[in-house]
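Take this structure first; my questions come after.
As written, the chain order gives the labels A, B, C, D, E and F, with residue 1 at the start of each chain.
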């Protein structure tokens, strides 16, 4: 199983457990998370780019992976992804670079998938 | 002087001092900061929205103000700004809310300016 | 107006503006925020202490103030508050100390109110 | 070796090395860390819940695991743990969710241990 | 009263209140904080520069001010301070810049003091 | 391959990919990162200690590893490294301890290399 598949599988499996826990706050939070990225006054691609950049400055590899997957599905180009990477690394500083490395690895795995 | 003017004045004044310091690393970092938000494969409005959301999740009031000013200049609508606020507050959590309050105050001051 | 009153007034005023904005994600997030601290399997005082400590390690003065206000209403003792301060400052490190100073100032203002 | 055992073993082994290093500041910091969670005006269960929530909003998987282990020993219920998870995820936002997934996995491993 | 004096006064006043609170954990933490910056295998100037840079990347204005005051007392030059600023702003990214502005303002106030 | 070799190999491989991406902002940021730690008014060892401490308080294992490697090359002693660890753990709090454990493991691997 490659890194894209193993990421998606673990994520689905654990989300299912969390949502079966009967904690209403967590369920609603997950629900908001889905709704928030739906098309509105701001289009879906821009929202996913925002999600990607925020995940990167907050240095969450899994969140970066999730939004990279979404960007791939939506047809965001390699050049655009690198411009988002550049903004995030400039805002967040060189402490973000190790996450950039792992993001690049995942982005390449998505191209091959 | 209102909050928009006093923010801009302090920012300009201190940037000038920093750039007159002869530290080449800081000068280049400031230069990168300007170039990074220029139009490329990703358009300027999207880049400013990304800058705004990243500033919000990292909870920097001054950075939020700066990008709100840019969004205002670029004609970003009230509804769009609130959608960016919503993504940032969802990603960053309720700890971001005090910054949202100050962002709303500044955004309103920008409308009146 | 003392710091307790000015904090509460600004908070109420800005919350009202945010909730009148018609952004459904933000409204639901605010709603979750209220529900989350209601009594459940974990009692209200413990929840407010958790909110206080999390606010402190995340270094948000306004969030600290809000939870201190709630703790005061719920009858949390001075000794208990300092034990929560101690845990938060140990977990978050000496970078939290300036927020501890402002928390102590606000806590004292709450006693006088 | 399951994730609970391997976590505990690595933790013990490295703590021993750190404490044998003769750095007095680190030794005292470790000592404070132990004392801080002892019963006082705030009871031990509440302190561990605070430690768990703070670890979660600060997004430290190992710290989350440690406090989950303590909560398990102290008899904290599944419903209570999820209420603490909910507060932490609401305060810290959706960026905390990947840590929630790993926390749930560890919490389940603790039940089976 | 200038910003140097008002910072020092508030800091002393609140530290006194915290230390008079009889919370042993906080007292010991404050004590460690003092000991940690004493000369050892690493000299005092290097330790204060480390404290300054860490305060900057963690974006704590008060902590930055404290270490700037110490650096001034120890005779750290303007050029050296800017090199520390540069490292901190590169590691921490452009989100640190507003704190750099306030650091420069305070550093200048220290020269005039 | 031990942890030092595998860290260095992955780092080199991904840096190459990033630098071959033709994103001018990222290239310049990497270039600044190299220049920033060169000898200036502040010597190279102090700069690497600053880089190490900042990486630790920001809790980035890979950044910690990189600066530990540099410190080893520059002849920083075990006692000095532990003093830097102590400052970073005191400033950043007990949430840094899991990163300290991994830093100690890597530092020992560097001695054996």
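The rule is short, and it goes like this: contacts are C-beta pairs under 8 Å (C-beta built on N, C-alpha and C of every residue); 3 or more make two chains touch, one makes a residue touch a chain.
Per UniProt, the chains are A, B, C, D, E, F = Carboxymuconolactone decarboxylase family protein.
Here the structure is a predicted model, which means the values were calculated and not measured.
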Copy pair chain A, chain D: interface residue numbering same or different (half cut): different
Angular offset of chain C relative to chain D [C-alpha, multiple of 5 degrees]: 180
Centroid spacing, where centroids are CA-atom means, of chain C and chain F in whole angstrom: 36
Distance between the centres, which are taken as Cα means, of chain E and chain D, whole angstrom: 30
Distance from chain E to chain B - Cα centre to Cα centre, in angstrom: 26
Multi-partner residues of chain C (at least 2 other chains): 25, 29, 32-33, 36, 54-55, 57-58, 63, 83, 86-87, 89-92, 94-95
Chain E residues touching chain D - in the complex, by the definition given at the top: 24-25, 28-29, 32, 35-36
Chain E-touching residues of chain B, taken from the complex the two chains share: 10-11, 14-15, 17-18, 21-23, 25-26, 29-30, 33, 54-55, 58, 60-63
Complex interface listing, chain C residues touching chain E: 59, 78, 82-83, 85-87, 89-90, 94-95, 97-98, 100-102, 104-105, 108
Touch list for chain F against partner chain E, complex: 32-33, 36-37, 40-42, 46-47, 49-51, 53-55, 57-58, 63, 77, 79-80, 83-84, 86-88, 90-92
Chain B-facing residues of chain D, complex: 57, 89-96
